[in-house]
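Here the structure comes first, spelled out in structure tokens, and everything after it is commentary.
Chains here go by letter, A, B, C, D, E, F, G and H, matching the order in which they are written, and residues are numbered from 1 within each.
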Amino acid sequence: MDEKGIRKLLGRLRRGDADVEEVVGALKGAPYEELGGFATLDHHRMLRVGMPEVVFAERKTAAQVAAIARNLAARGPLLVTRLDAGKAAPARRAVRGARYDPVSRTLSRGRMELPVRGPVAICCAGTSDIPVCEEAAVTLEVMGVPAIRVYDVGVAGLHRLLARRGELDRAVVVIVAAGMEGALPSVVGGLVGKPIIGLPTSVGYGASLGGIAPLLTMLNSCAPNVTVVNIDNGFGAGFVAGLIARK
Amino acid sequence: MDEKGIRKLLGRLRRGDADVEEVVGALKGAPYEELGGFATLDHHRMLRVGMPEVVFAERKTAAQVAAIARNLAARGPLLVTRLDAGKAAPARRAVRGARYDPVSRTLSRGRMELPVRGPVAICCAGTSDIPVCEEAAVTLEVMGVPAIRVYDVGVAGLHRLLARRGELDRAVVVIVAAGMEGALPSVVGGLVGKPIIGLPTSVGYGASLGGIAPLLTMLNSCAPNVTVVNIDNGFGAGFVAGLIARK
Amino acid sequence: MDEKGIRKLLGRLRRGDADVEEVVGALKGAPYEELGGFATLDHHRMLRVGMPEVVFAERKTAAQVAAIARNLAARGPLLVTRLDAGKAAPARRAVRGARYDPVSRTLSRGRMELPVRGPVAICCAGTSDIPVCEEAAVTLEVMGVPAIRVYDVGVAGLHRLLARRGELDRAVVVIVAAGMEGALPSVVGGLVGKPIIGLPTSVGYGASLGGIAPLLTMLNSCAPNVTVVNIDNGFGAGFVAGLIARK
Amino acid sequence: MDEKGIRKLLGRLRRGDADVEEVVGALKGAPYEELGGFATLDHHRMLRVGMPEVVFAERKTAAQVAAIARNLAARGPLLVTRLDAGKAAPARRAVRGARYDPVSRTLSRGRMELPVRGPVAICCAGTSDIPVCEEAAVTLEVMGVPAIRVYDVGVAGLHRLLARRGELDRAVVVIVAAGMEGALPSVVGGLVGKPIIGLPTSVGYGASLGGIAPLLTMLNSCAPNVTVVNIDNGFGAGFVAGLIARK
Amino acid sequence: MDEKGIRKLLGRLRRGDADVEEVVGALKGAPYEELGGFATLDHHRMLRVGMPEVVFAERKTAAQVAAIARNLAARGPLLVTRLDAGKAAPARRAVRGARYDPVSRTLSRGRMELPVRGPVAICCAGTSDIPVCEEAAVTLEVMGVPAIRVYDVGVAGLHRLLARRGELDRAVVVIVAAGMEGALPSVVGGLVGKPIIGLPTSVGYGASLGGIAPLLTMLNSCAPNVTVVNIDNGFGAGFVAGLIARK
Amino acid sequence: MDEKGIRKLLGRLRRGDADVEEVVGALKGAPYEELGGFATLDHHRMLRVGMPEVVFAERKTAAQVAAIARNLAARGPLLVTRLDAGKAAPARRAVRGARYDPVSRTLSRGRMELPVRGPVAICCAGTSDIPVCEEAAVTLEVMGVPAIRVYDVGVAGLHRLLARRGELDRAVVVIVAAGMEGALPSVVGGLVGKPIIGLPTSVGYGASLGGIAPLLTMLNSCAPNVTVVNIDNGFGAGFVAGLIARK
Amino acid sequence: MDEKGIRKLLGRLRRGDADVEEVVGALKGAPYEELGGFATLDHHRMLRVGMPEVVFAERKTAAQVAAIARNLAARGPLLVTRLDAGKAAPARRAVRGARYDPVSRTLSRGRMELPVRGPVAICCAGTSDIPVCEEAAVTLEVMGVPAIRVYDVGVAGLHRLLARRGELDRAVVVIVAAGMEGALPSVVGGLVGKPIIGLPTSVGYGASLGGIAPLLTMLNSCAPNVTVVNIDNGFGAGFVAGLIARK
Amino acid sequence: MDEKGIRKLLGRLRRGDADVEEVVGALKGAPYEELGGFATLDHHRMLRVGMPEVVFAERKTAAQVAAIARNLAARGPLLVTRLDAGKAAPARRAVRGARYDPVSRTLSRGRMELPVRGPVAICCAGTSDIPVCEEAAVTLEVMGVPAIRVYDVGVAGLHRLLARRGELDRAVVVIVAAGMEGALPSVVGGLVGKPIIGLPTSVGYGASLGGIAPLLTMLNSCAPNVTVVNIDNGFGAGFVAGLIARK
């Protein structure tokens, strides 16, 4: 129940068309409606802030994904993440025009139309980190935020990063993905005076502990402009970067 | 050697006042100077992006802190963090007009004058998290970014948070500090479509593992607009928030 | 040897039909029988408290499961958990009328008939948590306790939870399953003044550490009415909830 | 604004003593009050479910504790936990009739008057666990729930536990505290068909990892009627037990 | 109630001096006495197997320790462990003839008189491990088992260990304490064909993780005759070694 | 060079057939031979203490296992552990009379003939722990030590354990395997005054952390007669038990 | 831009063929080129220090590996690591004369020609560690450094190690691989006064935690000449050893 | 028994002053002496490789340290590490001419005289890491190896590091200390083609986990010339660097 509904109800009460009990009863339910408004925690808020509800396809069946995707695509732009190629076909058929990208394992269609301050740069050290970066890139695409890909510029190729510093300087915010030791965000954080989103990846072996090592590295970064998202969470990195890039 | 110096040198070469060998020799040293420019990793970059070098006082003696603070304060705004009250006196004497705040354990003076898009909101659950929040607040103050304090609005007092939602809506970015279970950033992340900086604190006991539990909670947040900084890292949260708030 | 047997034996002694040695000998064995009574740790106690011994099928062969299930089903209600579909057939054939549920991976038949105070509500955030919840639901079914399913009401859909608050209010105790950040039990714990059983699930990735992150979140819950069971332990959550719901 | 206040306001509207704008304005604030009602996460809910807001004194100053305690004690029963003896004096002076217990480190006054189904038993292995148990006991006392103390009955004294089994059988729910290996909840869980609340304590050394070892033991309990709270969380254990014991 | 008591009671029943009800009532209590016998988990069993109940003084007050020590010393040999020098005086006064050893932090008096197969050797790498070893040595002394101290024979002094191999060969079982890397038990395990009890100590720093590193080393020992006790658990190591050394 | 060789050499020196230089040179090499004697770390020592070198088949090819097994079987009793059924055939063919046991995944032939003090009891909680126990049992068999199997007597069936207490009392040492919470060794340790070898298994899920939880439980056992081996290390448990059981 | 380019440019300026603006513009880009020189972090530096860029084939497709290998092989010696046999064929075809080694999973061709001080010894305990050692050996081969393989000399065969001590003494540096308890590097570190590179392997089970246990052992080594590389990092161990062995 | 003693004994045998039995008996003891030679694990080896036994003063009393220091100083150069200022006086008095350095907490006197290939560079990020670096520097001093201190050149001051690259290039091996994120060794490893010894320090807070975070970073370094020592192990880093620097 929104304000309009409440006014209407109170008008009825005032006119004698409703009695106190009825209004109290309705208002008792109202908080749920108000809280429906409160459910800014929900996809409603998502839509309002320029991002439709996103489908996390892991542990869902191909049929479930297809059903949800069709439903959401009817309401606006669509983004499905962590969708294995083997499960993508039904959803692709369900949503005409949807594009499945096997690298980022995303299915998407459409894009938000909101004003942005500038592009987001996405850096990573090596080719193994690219799938996670592409998940961020597709997320930005759906948010209508331009992405600058600066791939394969790890500490073992820093001159290439430096050679592309102009692109970093154009960005409003920089996503930096790294596995193994995870030192790249600190280095980039020292190069550009922008917010850096550290994106640890599970690339590595042994003492990288499935991404815990780069995660800790980034959390302890001596470059104070680095914040961190979960391991392999390309979507989250892309989404926050998109929010920062918006006007 | 800065651009001005290079121009002067090249002018001398052109005029025949210097020969190629001399210029090559000078330029050979230049990269270090250029790299001094490259040292965007360094406080030079800091100053350029609107934040002077910050002193982390832990493990430094009172005399060391005072000496560094005097040196830095001569160049611009000053911020010293993690400065125990017992070590603050020499630095306060060394920097006329510096303000020591015992809650955030910071010493500061002056502020940046850079255009900002809007204020930063700082939320926390309870009184125990306030010192960490105040470190963020003082950092923002030195950066010249207005801060909105929304304290004592933990999950056990969410209505107070909701009552102050207007203030959250005015903010460009929201810092959310929480210890124990660390669920507050997710809740705030669901309420406002802004970037949220999760700031885990070491408040708690037992299975909170000195802040590891809220850190993990925030990294796994189902609200995708949450990024995370190190445990008790109020300065880092404030600094990134300030960068995001800038134009 | 139960009390009846002891009385009989003592009567024989009194009547002179048995001598002291014989009775001492029999009583010497009795503790084991008494301890059989003591073995309230065992399925005997289980049966008495209204729950037959439950079969944990993991690491057992299909043939072993079938044999045990047939034996137990002859004595009362049957519950087999963690039974993969591929191993279920022999047990289904062994126990006429048994129902295999592929979602919860349970095989069950019959139900306890004991008085209950009211239903148990089972909440979860998303569809991925449903199998664990259904294990709890089937457990309650066998215990003869009604279950109210409140699924898909995670923090990203809290309004739906609130819309169904009446159902939560009807419950005597609430099971709340959550993976990833595991914040839902705290939120539900703040909404209803009932005992909450936090049920962490292994749904998530990266820093969720296979369920350790939501487990820690729940253990550190700022809502003091939350207790916690093992990761993915739907049976345990259901069983404790059933005990609380009983008169 | 509670239901009574809303009825009064609506009556005024109906009688023409208030107009729609005024009522809308008042109700607009109401959601916050309603959300105060929603803030079942908050002490309002606490009071309704029979437990006033509880003060966690750790990291608060003696003066803060005294101020909060005075405020709360004016509204109902008072419970302050984790209050070191050295900080207790101001709060004791602030609340006439408050009792400070140095063992449990609690300050309390008054008690709830709500119907209960029966007492709560509190068991522990050794004298080192008693402070944590007493925190649970004082919590139950404030909740108006009788507590049966069954202390010093660890695995190294199980016969004493068994000798007092009648007391356990009288309880509606049993709290079992244990440090070191934490096996006692499983043993008690096997003896009595009641909900068991495992309360791991930080008593131990070396590989007990500050309570992590007994916590893991309890989470993996083979007795399925065991749920677990945080390490040393006597208040939480007492609170949940009190909720379960209520009618 | 012991066997003698049962015979007496049955005699009375047989003679008609007691009726069945009385005997059943008495026997109903008996299991607890029998379980007192069952409480082999308890100090009764301890005494029977040649070891009195041992007092773990940590977290107990000096007065509590003194009271318990006086009580136990009246029944047999006495052993108090982890007793800081500052708390020892009252217990020393309470037990005439008790010896306090500040190195092992034990208070002891008397010794068991049971046949043994041979001595126990106690090895350690360096002087820092000696306090833990002495706790084992005093335990063995109270058990009446001779101890051979082979101290300061770490990997950095292996020739000294080898020089004393004859002593190791005379031992029935060898306790090997080590901190840091914890490799000594494996080396000793390879030298002598005896059961080795690995006793990890918290001696070390950094990645020794308070004794976790040597604990893991010993658990993974490639010498298959190594078993392990808790970190710094000299009493446990001594007690098990004493049991193995007994006939 | 063995003692015989040295005598021969010294005889030559004495007879003047060798000079001092030659003997010194030979003796300088001797330590390696002596150290061959020193290599009590090696299978030579193994054989002497009554246990041949044991083959750990994991990560070895079927052909490698067969070659090693043939070689060892020519020298004495044979034991191969962790040999998957799929790799066993070549080794079975290579060693006439070898017995492959699919439960314990061992291949064995022959047995030591050394005097023993009595049997070893092997307990476990459930059927899932049996393979690990059987590895211990086969190890004992090869060592010529009788084993008493007391399986399926977990905390959820303690009366069965108690019913078989006589068998435990006959044992010289008891191996107790347990997964999940790992409490069984403490319980058995309280029942019998014998050395207990705790054998944690990886049976369990979630917070059992692949056997870490029962491992910690056993290390923190309040029964002081418990020592611990590595997770699933049935061979190690059996070997140490066999050593203890020997005269 | 290298020094030659700069000289040419300055010559043009001096001759009036370029003006200051043009040169400043060119030099502004120069730092990137200089930084290309700075990118000693990169394969350029690698080549200069005598090691071409190495391809880590994990997570790369067979086609990607082949393309990169062909490119690199055109510039100098080639080393591809972690290349599964199933992915090796395209790269083998792409690089004529390349050798694929299925044990170390490496593809290599050619070798550096730089002066070395002496050979590198590679030790390991058992056959399971050989693949990791061979990765180090092939790395050394490509670096042009002779390797001495001292395999199968674990603590359970130390006399064989001692017998080959002469080979260890000839080495400039010793790589010591070990899984399980990881004690071998300490033992070797005590035998030879050379730098020891501890190479923990994931060989083991249970509490070896995938190599964490030997890693911790080596980090806590009481032999102070031990440094450590990542778990299973044969390439890294070989590379550092090769650098140390160079003149 | 050393070689001289053996020659003397053999001379007696040859002259008929001793018989074979006597010599065999003496030689039977000899291996221990030979093993004293074997005890290259011991300080004898240390001395031979140019490093006397080093005293780790932690957990030793001032008197113990003084006694050991006096004894060792009589035999050669002296190095005592981890010696708190409060415990240093007796040792200083005991060893004439010893120098106590409060920064590195070392006591030392004298130096080895062995040929070296060149100096060792010691880098660190900030002033907090200096004490650990100085422990390495003093170790090198005692080894007679020149040290180049390159302090305060962390990622936040990389240009200073680059400005001093000539010094790094002169070094044979580089020690790089870092706390917090620990990225500096990778950066230095990319700059210079030398062996890098990563020295993680416990400088940091929160998720640096007492040095575990930089330790993991260094173990996962993408610069393959990095090996790692224990947290805060300045002595170990210095010792290995000294060995590498020797001819």
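Here, a residue touches a chain if its C-beta (ideal position, glycine included) is under 8 Å from a C-beta of that chain, and two chains touch if they have at least 3 such contacts.
Because the structure is predicted, anything quoted here is derived from the model rather than measured.
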Which chains contact both chain A and chain D?
B, C
Fewest touch steps from chain A to chain E?
2
Which pair in F-H, E-H or D-F has the same interface as A-D, with over half of the contact pairs matching by residue number?
F-H
Chain B to chain D, mean C-alpha position gap in Å, rounds to 39
Go ahead and note the Å separation of the Cα centroids belonging to chain C and chain G.
55
Need the CA-centroid distance for the pair chain D / chain G, whole Å please.
59
List, in ascending order, every residue of chain C touching at least 2 other chains.
31, 35, 38-39, 41-42, 155-156, 158, 162, 186-187, 190, 206-208, 212, 215, 219-220, 223, 230-231
Using the contact rule from the top, write out all pairs of chains that touch.
A-B, A-C, A-D, A-G, A-H, B-C, B-D, B-G, B-H, C-D, C-E, C-F, D-E, D-F, E-F, E-G, E-H, F-G, F-H, G-H
Quick check on the complex: what are the chain G residues that touch chain H?
38-42, 45-46, 48-50, 54, 162, 173, 187, 189-195, 197, 215, 219-220, 223-231, 235-237, 239-240, 243-244
So in the complex, which bits of chain F are touching chain C?
127-128, 155-160, 162-163, 203, 205-208
What does chain G use to touch chain E in their complex?
125, 154-156, 158, 180-183, 186-187, 190, 204, 206-209, 212-214, 216-223
Could you please specify the touching residues of chain B with respect to chain G in the complex?
3, 6-7, 10-11, 13-14, 16, 19-20, 23-24, 27-28, 31, 34-35, 37-38
Which of the residues in chain B come into contact with chain H in the complex?
31-32, 35-36, 38-39, 41-43, 53, 58-60, 64, 200, 202, 210-212, 215, 230-233
